[in-house]
Structures are given as C-alpha cells and as structure tokens.
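What follows is a set of structures to go through.
Both complexes below contain chain A, partnered by chain B and then by chain C.
Coming up: the complex of A and B.
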C-alpha cells in the first residue's frame, strides 16, 4: 500500500507570500545597479510608414543623454520564432509598436525628454489591417524577411492536419452545422509592467541580464543570436516576476535594445515600461476567425470536424503563430471524433503581433467547438449535457491525432458539474421578463504533462543537503507566480522528512541552474516535480547507505521523518543532519548531493502533427450560470461550477488559486476584455477602457478536483495552470444563448453586443438569429 | 507630469493663494486631476491642494430643517457612511456606492466630482436629481449660490469664475406633504467597480399620503454634454400615482427622459446603446 502522504495534498501557503505582501519582494523594477542608466524607446507615430529620416541632433544635445541608437548604429540579427523581426526598424515602420530609436540617459525623465527631441520624418502609407486584405494579390509585402515559402507573400505560417475519412463521415452525418467565429485581441495586463536591466562588462565582454523571461535558457540562446554573442557569455537572472501568463515566452525588442545600450555605454541600463506602453507594446492573445463545420449522426455521435482558421499574425511572427499546435488538438481530440481536417493560416498585417497567452489558442478553439456542440444538440433535439456525455473522451483512448489518454477524467468532470450545478433543471427554467437566467456547459482538453515542442521538454535538478540538515533544490524551472517553488519544497519535505522552513529553492540564475525548457504548457509541477523526485531518490540511496553504516545494521529500508532517518524494521533512528556531517567529514568524504534529468515520455509529433505530444492530458468541464439584464445587455456571472482532472491535488490552496485566477481571466475573455484597434492603433491602452474585471465582479466559484492519479505525474498529478480559463468563455456564451435564445459568434459579449442581439431578435421575431456585430 | 504644489491650511490662506496664482488648478482628491495631467501635461502649472485646509464648512456635514449641507471636500466615503444620506437621499448614497472603488472613495470628493464637470459624474448626477445648490466662494470672501443644473455649462465647464472656489453643496429636505420618497441611482457600465458610467440615471420622487407624486427629480448622466435635469419628464409625473403608473405612461415618461439625451458614440458605447439603455432604465424606475 502506498505510504500515507503528510505534506503533499495539504494547504501549505505559498512560500514567498510573506515577502510579496510585505513589499519586500525584489521585482525587476526594484533593481538598481551602480552607475545605472535609464533607457527609453521611441516608437513609430504611424503603423505603416516609410521612415525618411531620423534627426538625433537636438536629443543628443540634451544634458544627461549618454547614448542614442537607431538601426544604423547596431550590428544585430533579427529576433522572433521566424527571425522576421528586426530589433530596431530601418527604412519602414509596419506596426504601431515599432522601435525607431532608443535612448540611455542619467534619469528616466531625461530619457523621456530626449525621445521628444528626436525628429523622424515619415511618409505615411495606407496600411493593411485585415488579414483578408493582406492575402489579395494587390497587397504589398508587409514583412520583407520571410523566405517566401508559402504561395502568398503575406503568409507567415500554415498548418494542415487531418485524420479519418472526412467524406465518409460527412455522408454518415444526420446533421451538419457551419459557423464562423471571430475572436478578439486580449492582453495579459501583468501587474508588473515589462522590465529589463542589462549590464555589459566591457572588460570580459560578458552580459548580465536581469529579465522576467519565462524561458531563461531559450532567452539566452535567442539573445545571443540577436546580439551575435556566445549564449554562455550571457547570464540571465530572473528577479521576482510580477505576472507571466505566456507574455514572456518570446524575447521582445526592448530586451536586446537594453543590452545594446549597455554594450554601447559600458554602463548598466534599465528599461521599464509605463502602463500605457505595456498595453501598446506587449504581446496579445491571437485574434482569429474560425470557420468550423461539424457533423453528428442520428444517435448523437460526433462524426467530423472541418476547420479553417485565419489568424491575424500582425507585422512579425512570435510564438503566437504556433498556437495551431494546441488548437488542432482540441478540434481533433476533445470528445471522440472519427474524422477531422484542419487548416490554419497566419497572415501578416500592420496590426500588433500576438504572442503566447495562457491556454495557447485553446480558449479560441474551445469557444468555437463548444458553441457548435450546443447547435448540433439543438439540431438533433438532444439534451446538451447528454450529447457531451455520449461523446466524452475515455481512459485508454488513443485519439485520431495519436494522443494517449492513459488516464481521463472527462466524463467524471462533466457528470460532476452537471449534477452540482443542477444543470438539467436550470437549463429549462422559466424566465423573468427583464432578468433572464441561463446555464451553459463546456469542456476542455489540454496538455497536462508538458508539451514536446522543443528538442527537450525536460528539466534538471541538483539537490543538496547541508551539514545542518537544510535542503537546497536547484531547479532548472522557475516561478512566475504559479507556486511551483512551494510545490517543489513540499515534495522535498514529504520525501526527506525535512521541515519546509529548511528547504530553499534556487532557480533564477542560468549560470547555476541546470537546463529546463521554461515555464509554459502547464508543465512545471509535472516536469520539475518529476525531476526533483528523481534527484531525491538518488540522494536517499546515498543517505540510507550511510545511515545503515552508522547504525551498524544491515537494514536498507528507511523512513525519512521529522529530520530523522528511521529504520522501518528496527525503528532505530539517526538524525539526518548527522548522517550528512558523517558523509561530508569522514572518509570517504562524500557530498550529500544528487542530480537528475527528467525527460517526459512524450514524443515529438511527426510532420503530420501526429504523436503523443504530452506526458499526460488534463480535462475539465465547467457549468456556468448567468443572468442577463435585457434592459442593458449586462451579463452577470452568478455561479461557476468547475470540475478539473488534476491527476492528484498536490496543494489545494495553490490549486484553488490557479482555478480562481484562470476562471477570472476566462470571464474577462468572455465578457469584457478586448484591445480595440483602429487602423493599426490601439484605442484603449489603459485600465480605464480595457475592462479587466475587478474583485466586485467575482462570481461564486465551486471547484471539484477530479483525481485520476496519472502514473506519469508526480504523485499522480497533471498540469493545472492553463485549464481553468480554457472552457470559460464557451460555457458563458452557451449560458447567454440559453438565457436569450439568441446566438453569438463573437467575443467578448459586451453589454452592447448583447443588447444589439436582443434588439435584432425582437425585430426579426426569430429566436435563432446569427449575430455578428 | 510636473507641477508646483501649494497647500493652504486655512480658508483665508486659500483665498490668498487663489488671488496670487495665475495658472492653477484645484486638487481635492486628485483622482481625476492626476490622470488628466499625466495625459496632457500643463506647463508651469500650480496645483492648489485643498486637502490640508482645516475648515469644517469646507469638509463637514450639517443637517437642518432646510436640508443637508456639506462642504465641497466631503468625500465619497463619507457620503457612503452617512446614515441621514443613506436613509433619506438614497440616490446620493447609491451614487457614492457606485463610484470607482473603496480606495478611491476615501479621497475622492463631492467638489471634485462636480468641478470635473464630466457628463458621466455619478455624484453630480445624483445631486442634479436632488435639486442641490452650489455655494461658490470668491476671493472677496463673499459667496453666491448657483442651482446645480446651472453649475454645469458644458463638457468639463462650470459656472465657476477664476476667482471662485466651490465651497459647499446644499440639498433641500423633502416637502412637508411628502410621505414617501423613492430615490435611487442607476449606473450602467461594463463592470461593477472602477467603472465610468456609460449611462446613468438618478431619481428622487416624493409622493404624498395618497401615493401621488408631488415632486420629482430626474437626472441623466453620460447622455449629453452635461448631466441634465429632465424637467418635462419630472413634470409629467406630477399628480400620477407612483405605484400604479401604466406601461403606456412608463413609455411616455421614458420618451420624455430620452428627449434630454444627445449622446455620443465613443470607445465605451455607441449613441444607439446609450439611448436604448436610457429608455429601458427610465421605464424601470417604477415598481
């Protein structure tokens, strides 16, 4: 029988909570280095323009200005996943974020003032702000750095996937539904604005970056490529990160710019974004148009899905362009499906470019898919809960795409939220004249054991115990607020019997820590956890051997508890720190240290995107109840019921935090958050008009973790971080449709969109209008 | 954002500063001012910080037979906590309750909300419905009274002269024949806190012992260049029984309210939406 767990599964508070709430946490904004300069970036005035001249003379004269650079002053490579993004723009501007010049000055104020003195002459061009326009033959080429691999000059990337016999599946369909869905731009709005401090040492030619990146080793590599340096000459230290959510997966131009200013001046340089700059110049969730056609047979089994996606790539290509990896998984494999054909195209425009954002395309896909499932249910006159239960994924299933569901809580998630929310009763409830209630269902599938998109999806750990019995975990994987440090410390406390207060996690310095691919894909607890458990196993073998020697016993089985190593058989014990001292200080003088590299069992997908890409898969279902004010169009989310297959609850407190935070991002995506653009310019770069929800908008959240104990995961756990926001917008939209009997194909469901839909439905006196505003 | 700040301590020091300074803005809670200056810096600006002035008439609250009087520096938080206001002037209470957030309400003042003269001012909207009077103090030490709907002269424009400061606000008590008061403030926006009204409506309706409306104050916000008093809608209600107004009368009333609206289309909503919602919520004020 498995050992009873003492620490894992308990509500241990986040280990860095105290320093954060007392203001003692050192964020990137708090870093001050001796002799440090302050950098600022001049961005284009026009989203599409020829840069005719740049006059720096007045700016250079300003006292306190130390250095100004433009594209002409630097010898660098492009950045970005496709290497199509110049760090400083030369000759033309293609996007409102475009960096034209950068200043380093003695103070922030002087740096800003200098920007105002730089005179740039532009010849304004008519930009392209619609992906369809960019595909026209008459459209000029927007990004000049792509190789022309695709048939159209403005295509940045394409994805094609299929499984099953689509034509046969269509023939076997009793009903087919087609819809076009339009998804908005959403921004991360991290609490800490973007920040970087670069310090180049002119003597040894080494660069130190204090960076909030989520992927320090890829960052090191990409930065080195951009700056034409050797990666190992760049040391990346991560201060405490005030929010990531995927926004820090790419390197962004301000980071190499900061390094360049430091290299030019030989002094440390810091660049901090203002909030407005953060809205304008940080990445967003990909806007896209999804055409989905799906079928169902007469018994209610899903037959096929055919998907065409047009993504507005913006002017440059970031990791955001690769979201179809994830999008296609949901379309191919969420609910059992016989046939699927998927095409996605990312098209250059003069709009702002997207990056990665928690969920990585999945909220968009799930919105379209789960909306169409409701429509299919209506078509065949089947209950919306029943059709989902009928088609839900199952344990042991290998999907058309080759995903192996060794454990699968999908059905249990659905059953839980249907029951707990009283769905069956509420979905047919009678309505008040003004305030109409509705309930909606949606599920999601996401990677739960990392995602093999890079050559290694692994993580290294070095573990040491010092002569005082304190444990240091040096993990390749770091913390961006998700609580992984706490979870790792809990695992060490569980396995080694060391008090949590005596466990330190060191994970912020690329010169010290071993390889890890980075914080993304809900992978840290899974991958870094498994890596740590591997190191613990090795170290315990060493410690147990020494303990056995010291006890003069032949026992080889020991329990580690309360700082003691206890023989299972004799119950004799010896203090852990004493064993470590004896290892260190008596012959043969051995360190209490162990290293382990964990690589998940997942496989790289083949060129047809088939293969088991993750070590395990997470499932979740949500039932959300809303109340729509038909006088104002306001949607109030009343209750959210969420059941999520988390594998195993490692820490209910932190898990609850991930669930609540994710859900609220999902509610924002559904109802309020949209970065509005007109001809390439952002209209609402502030919290005033970019409507993030506040504490007073939080609905009642009822969370039911489903434990499927995946053998691949640490203690059976799966990744949890992204899942909670993925089905939220879909469930809310289904709920609003249920309340009003009106259909929506666009997010967010702002009061105006909802009221317009209500008013059109009154005019047409038709309860199934297709509303697109 | 750079400015000089002067913090007078007394009323006479304040009047002195107003006399001397040429290019100044008043700062009360500064919740709007700082945002404005950040967006559009003024050169050589002096901010006269009103928050250090020790003057009970400028920041305190008093109830008399005639009604309420509070100073311009009375905060939104104090409105919210005031029992008299909560019980008898619900529209004003609700306007403060819906304003921004707990933190901002601690410093945001009535005077600031009025002098910003935003068409979407929440406290302003309630005070227009309540038929308040503004007391403007000039550097001569004399004051004059202006009816609140005359105080707002345009978008971000008020009747304040260069040598005047908004000193206090009076709100009349209910009529002697009033038995019940139906009073509320309806704010429409996207989220429940930190929201600028997309449309707002304040009503303060007094009925006699027969249930007949004897006095009505209806004001609309975010629907015209200023907060507006919907006079004809108010008059339409006089003599009608509040609790038995017909659907047809509700619509007629809503149409009259709507006649005061000339909303714009902006980033937060279209004119269509504002009108539609104003019509709908106008109908909804009767029980």
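Coming up: the complex of A and C.
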C-alpha cells in the first residue's frame, strides 16, 4: 500500500469507551423490561446422584412465584456440540453444576427463596473424579447420551495426528526427554457474571434473547435446536458485554432455561448469576495431563515429539473438548520439527466441564513444550536462547501439518526479547542467598487469520453512507470489549476520508447484521476487517463513478479525504455527502450501500488434521524475569519482554491493552489461579480464595510489536488477542527453574509448590553430595 | 418519593444526597446501598461484580471516601453525600478529567470495572487534595506508582492488566 496511512496505526482511543466510562453502557445486568420476572436455578447438591423425587409443592405456594420447571415440564433437545448435555437433568445428576429445576418469580429474592423450598431426594453415588478411573472397565457410563463411537464408554472425543517418520527421528536423536505435565483448572472470572434476558412473544411465537454470547449466529442456531424452534424466530441482541475471553462460545443451560421460563409465562425473564454461581457454573480452562517425549540431535535440531494427552472432559462435552485442534498445531509446528505423533483423549468424569478460554488449549501445550525445550538444551549443553533460535520457524515454511507460514516473525521475536531483556547476562546472574532471580524464554504459535473449524469462517458487512456524509458499518462481527468496533471505524475513516465521529458500527442484532461465525480465534480484526475493506471497495467504485459524472470528467482515480472526493489528476473535489445525495435523489436513484462477504483462504483440514487452517499465523516470544523469595516461596514477576508478530499495528493503544491484559491472565495462570475441586465440588468459588492478580502484582511490560505485513491481513495485520497469554506461564516457569535450579511439571507455581520444589532439590543435592563423597 | 414494598417489613425513612441531589426513600434495615442505587434510583452505572466486597466494581463515594456499596447498608447513607459514576460527569455532559484520562490512556476495555476504578481514583485524588490543604502542612509529594497500585488493589479488572489504569491515575496526579 503506497499511500501513507492517516488513521490506521494511530493510537485512537476506543470509540465506545465514553459510554462505558460514564456508567451509561447497558450491560445484561442493567436491562429491565416491562413486566419482567426473575429466574433462578436449583443445582444439584451432589455431583453424582440418582434424583429420586422432586417436590415443588411448597415452592409453588410461595407468593410471587410464577413458574417452576423441571425436566418433566419441557420438551427440548440436548445442547453441546455432541448433543450430550440435557438442559434440565432428569433421573440423575452428574456434575455439581447440574440444573434440577428453575423458578421464575416477581423478585430476585422470591426466586431465591423458592429454590430453598424445593425438596429433592437424592441417592448419592460415589462418582468418578479422575480421568484414569473413568477409563477402567469397572467404571459406570457417566454420560448416557453419546453414541458409543469409541472403544471405551467414557471417552468423549479423541484426536490423532502424525507427520514424519517417528522411529527414524528417534534414532537420530542424541538426547530424548520425557515428562508428564499436569495443568490446572482456571476460570474466566469475567467481571460481569453470566446473564441473559429472554422475552417470548406468545402472539407471534418469536423469542428475543438479550445475550452476551460471543457467537450470536451459532447461538441462534443451537438455541433453536434446543427449543425446537426455527432459528429465524429467535432474535439475538447483544447488550454490552462485561468480559468474554472465550467463556461465551458455548451456549450454557441457563440460557435455554431462561427462554423456557419466558415461553411458559409469556413474560420476559432475566437470569443473573451470583459470583459464587459464576465460579461454579461457568466454563473453565480445560485441565489435562500431557505426556511429552521429545528429542534433539547432536547439533541441537529438534527431531521429534510424541504427545499423549488425557483431558478431564467433565460430565458433558463443550467446545473445550476440541482444544487439541489448537494444541496439536503447537506440538506439530512450533519450531521446525521432522516428526510428530499426537494423541489426545477427552474422558467423561463427574467433574465440571470446560469451555473455550482465550488461547484454546495453547497455554497448556506451550507450557509443556517450552519446559521440555529447556530440558533438552540442558541435556546437550546448549544455551536456551541458541537452541530456540536454531529451530525457530521461518518465512515460507510449510509445516508437517500443512500450515503455510507466508510471513513469520518467530526468529525476530526471539532475537528481540533476547536482546532487549539482556538475556545472556541475566541467565547466569549471581544469586542472593534469599532472593533468587531467574529469566526464562518461551515462544508461541497461534492462528492469526481465523480458524476454519466451521464450514465458513467468514464475515459479512453492509456499509452505507447517508445523505449527511455519515457512515454506518453493519458488521457481522461483534464487540466484547476488545475494541473491534474502533478498529473497523478506523478502517472506514482511513478509506473513505470520513471523520471517526461520523462513523457508526451496528453489530449487536442478528435480525439486522449479516452472518459471521463469532468472536474467537483472534479473528475479528482480520476477518471482519477484510470483510469491511471488501465492502468499502465496492462502495467507492459507485461513489467514484458518480463523482466523476458530477465533475464532468473522465477521471476514474480519486482520493477520499476530509469528507471530499478528490480527483487524483486534476485535484478537483466534491463533497462526499453531496455525491451521496446525488446518488440517492437523481436518476437512476441508487443507494450508497454495499455488501461484501469475506471468506478467508484457509482450508478445512482433512481427517488427519492436515491443511492450512488459518489465513495467517501469529508468533510471539517472551523473556520473563522473576525473583523468588526462597523463604516464602513467593514468585515476583519483575519484567516481561514480549515481542509479537502482529503483522501490522492497526492501533497501538488498543494493541497495548490486549497485550497487557493477556499477559496478566497468563501470569495468573502461572502463579495464582486455580479452581480447586474435591470429589466434584468446587472449593474456592469466590474472589477471596480464587486468587486473581491485582494492580499491585503487575510487572513492568516491555512490548515490541513485530510487523511482518501479511498479505492476507487487513493492512497486513494478523490476529493478536490470544497470543499474549499463551507463552507467559511457560516463560515464568522457565525463569523460576533458572532461578532455583529445580523443575516444575505443574501449574500454578504457588508458594507451596515452590517451597516443596526447593526442599526436594535440597534433599536431592545432599543425596548427590553424599554419593559423590 | 420512591418506595420499595416488602411484606411485613418495618420500613425506615432515610434521606441523603445522591450526586448532589437530595433524595428520600423508605427502606428496610437490610437494604444494601448497591441495590438501592441500582434498583430504586435506577442508576445502573455502579456495577455488581460479586456482591461480596471482593471486586470493587460497586465502589461509590460516601462523603468523599470510597466504599464497596455492596457491603454498605443503605440505612447508613442517611444524611450523607453519596457520589456514583453518574455524579462524576460534568453537568454539560462533558467527561470529568478522570473519565477523559481513562479513555485517552486506553484504560477501558469491557468497562465493567471502570466505574469502580474511576471512583477509587477519585477517592485517592480527594485524599491527596485534602492532605495538601491541612494548614501549615508541607505540600505532599505526588504518590508514587507503587502507592497508586496499592490504592487500587481492591478493584479487580480482568481485561486490561491494570497498566493503563495506573498510567491514567498517575497522569491525573501529575495534572493536579
């Protein structure tokens, strides 16, 4: 693009920040509709039990209770992509979240009181809380809705992938390292708890959902399937969303339950989760055990990786079960690799089920992989930075899995953080007796141009300019706080020469906006951006034609600036709004409107998971410095150096926000955040015991965007949203290992774990000393 | 006068200043200030993040000092001055410098924590200003970045990683 960019690349503040910062933004919690009822859900007391009877009589007598439903009162289909999840549970409970009954009442208080009056008789069962136990022959079948396609009755999903000649690669390895890694449950902890307001109109049989979903069109389709309706009879309107991070990719039972309560009563119904309910009943990052064996040859080239993953699927299958799709990409393709064999199995248990979470399995994979790379480097006595540089991905590479790295900033990312962090000096720094410092490196690979996991990974845009020169972008994509509206408005401002204040983005209503697959896979700027640019191109052709007519010229090349259409040749200009008026009101009376559907060039992968699944790929490296208090086990993250291949910086302010926010979620994953479970129950369902990081915990962040200008991306940009948190836990763990000379195979690195590792290493060292004596 | 009806509950009359306007209402003794503000006065800018005093999203000012309105009994608001995010904005609709700076610094993502953050920053600025006006007192130094972080510890944010929020607060102190 030869033209100098005026808007793109500048730090434009979020266009919708004003309404958010003044308290005027309407979130799901702020909606009230006339005659609205309040819904509440009764969940099981036992993670595994037979439901013998449900007595609603007392609850029904409570004044103000309007409707109570159980599984017996509704005619619905299961939800979940495997359709293995009943909305209301019948006969048995299999998970602490299980919805037994739901109430709609005049006030929140009455709804809550009514729950206490519902009497359920349970016969408690032992339950299966370990994925290995679920695979035993003696284990009962936990989920009764699966077709039994797998060899074991409790397997929910499997993934197999391989490339290269594994046996030969093993033979060519000078060293091989094997480790088992155990990854914890982490929860999204969106600041706004889950919420939904449903309004069913009994007259025309249409359902209106005010939902925080990240994927409105899939939501509409799945909701319709659940409720046995036509998708088009369901209108999904998104209020302002108080945090997503992947949690709103699945539909969850409370949403069709809310719809059912509204259908039964003919009145609007709202369900808001309490914080405790949010911790218990909203999705999580999937816990898993990763067995990784990897090799390296004499020169330090990676030879092979063999991976077996056992995932605790919980009682029902959500999108969380499909994370191996992303996980395998990191194992097969992050750093050059000759051979890879990957197996992942998701197993039903009576634990809570996962959903998708920013990074989609990749933080787990990257932790295991980058830890093992450090161990391999130690084995062959090679510097940890050097081994990474040697194996880093390169531009033009087509990986064993068939990913095409048309642009690739991996090496540059590594070089940048190594240099900026002064890695080579710090890695061998002298240590204080109590406070030990360490530095760790990690990289990551993630889809950067959407991910073709549905038939379409596309996005539609309708663009119009009104007779006053204002522009409206009706985009299929949506905003979940990440700033996509602003980035789209900036693109329109850039291309059409319209002031940002005159650009509106409409993107919250499925009755209005064109198809889009939703916010996930860091795809919005890329896919929605390309879609918008396509629409702009069409509209400009129309406008330019009219402008040329009005100017009585044969010129066909125009610049759009400051609300004017300017002939490149003659410099004659005409106001944009005037051209629009002439289009509208003089013959042949045409609207200044254009639509475009963008479908990325990516391919649906074949049965063996091979193929170029994304329009582009993002890379990032982090060097993280920590200080460990060896008396308390406390890890303090001092500095994070992060270089990320973003393709092109569209807006440095918003990009910085994505980086910093993502990083801190990564630090939380590394150090403090873990949803603790015992026999299917969650032990820490509150902010007091689930430790989220606060302002006091933040490290100094040094961010270096790497611009590789991907020809597929809008202005060369790639997806950025997930990358910042993916390598963080790995780099922190590597840094702590560097500081202490110990090893970790689990997260988070809580003070207890750190102290334990220190004392173990002391015992080992003493032992070692004794032997060498 | 706004009223909430509760079955057989004793109601109490209270009046207080809500964003500088005198208001009166009848409440039961257990009514929480957050609910009163949101449900009765329908000021929805104050956010319920946890209802347990752990997240700070519901922060409002009571006589200039920050409180978690989800833990504050409304009855104790009697006779006091309550300021919510809606009271921060200038009467002509223009943004208060705190709001302006949060926007400019990119400190707002989903925005659910933002009202509480803005009110906490306001409280900190108040405190700093008051300390400066103690007669005979030497002018205090600007709070350090570490002090700002400490002050905002009670306000959780899941989106921003706090850096830009702290940047904004620091900037506000510099502006004075």
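Please note the rule applied: the second predicted complex is superposed on the first by the 764 of 773 C-alpha atoms of A that agree within 3 Å, B and C clash if a C-alpha of one lies under 4 Å from a C-alpha of the other, contacts with A are read in each partner's own complex, and residues count from 1 in each chain.
To be clear about the criterion, a contact is a pair of C-beta atoms (placed from the backbone, for glycine too) under 8 Å apart; a residue touches a chain by one contact, two chains touch by 3 or more.
Fair warning: this is a prediction, and the values are worked out from it, not measured in the lab.
Of the two partner chains, chain B is the only one that A:751 touches; chain C does not reach it.
Comparing chain B with chain C, more residues of chain A are touched by C.
Once the two complexes are laid over each other on the shared chain, residue contacts for A:17 go to chain C alone; chain B is not touched. In the overlay built on the shared chain, the residue A:634 is in contact with chain B alone; chain C does not reach it. In the overlay built on the shared chain, the residue A:759 is in contact with chain B alone; chain C does not reach it. By the touch criterion defined above, A:476 lies against neither chain B nor chain C after alignment on the C-alpha atoms of chain A.
Look at A:684: by the touch rule set out above, it reaches chain B but stays clear of chain C. Of the two partner chains, chain B and chain C are each touched by A:695.
Within the superposed three-chain model, A:660 lies in touch with chain C and out of touch with chain B [touch as defined at top]. Of the two partner chains placed around the shared chain by superposition, chain B is the only one that A:676 touches, whereas chain C remains out of contact.
For the contact definition in use here, the residues of chain A common to its chain B contact set and its chain C contact set are 687-688, 694-696. By the touch criterion stated above, chain C contacts chain A in their complex at residues 7, 43-52, 54-55, 57, 84-86, 88-89, 95, 99, 102-104, 106, 108-115, 118, 148-150, 152-166. On chain A, the positions that touch chain C within their shared complex are 11, 13-14, 17-18, 20-27, 29-30, 63, 188-193, 240-245, 274-275, 480-483, 653-654, 656-657, 659-665, 686-688, 692, 694-696, 698, 701.
For chain A in complex with chain B, the residues that touch the partner chain are 434, 631-634, 671-672, 676, 683-684, 687-689, 691, 693-697, 750-752, 755-756, 759. Residues 35, 101, 188, 190-194, 196, 198, 267-270, 273, 276-277, 280-281, 283-284 of chain B are the ones touching chain A in the complex.
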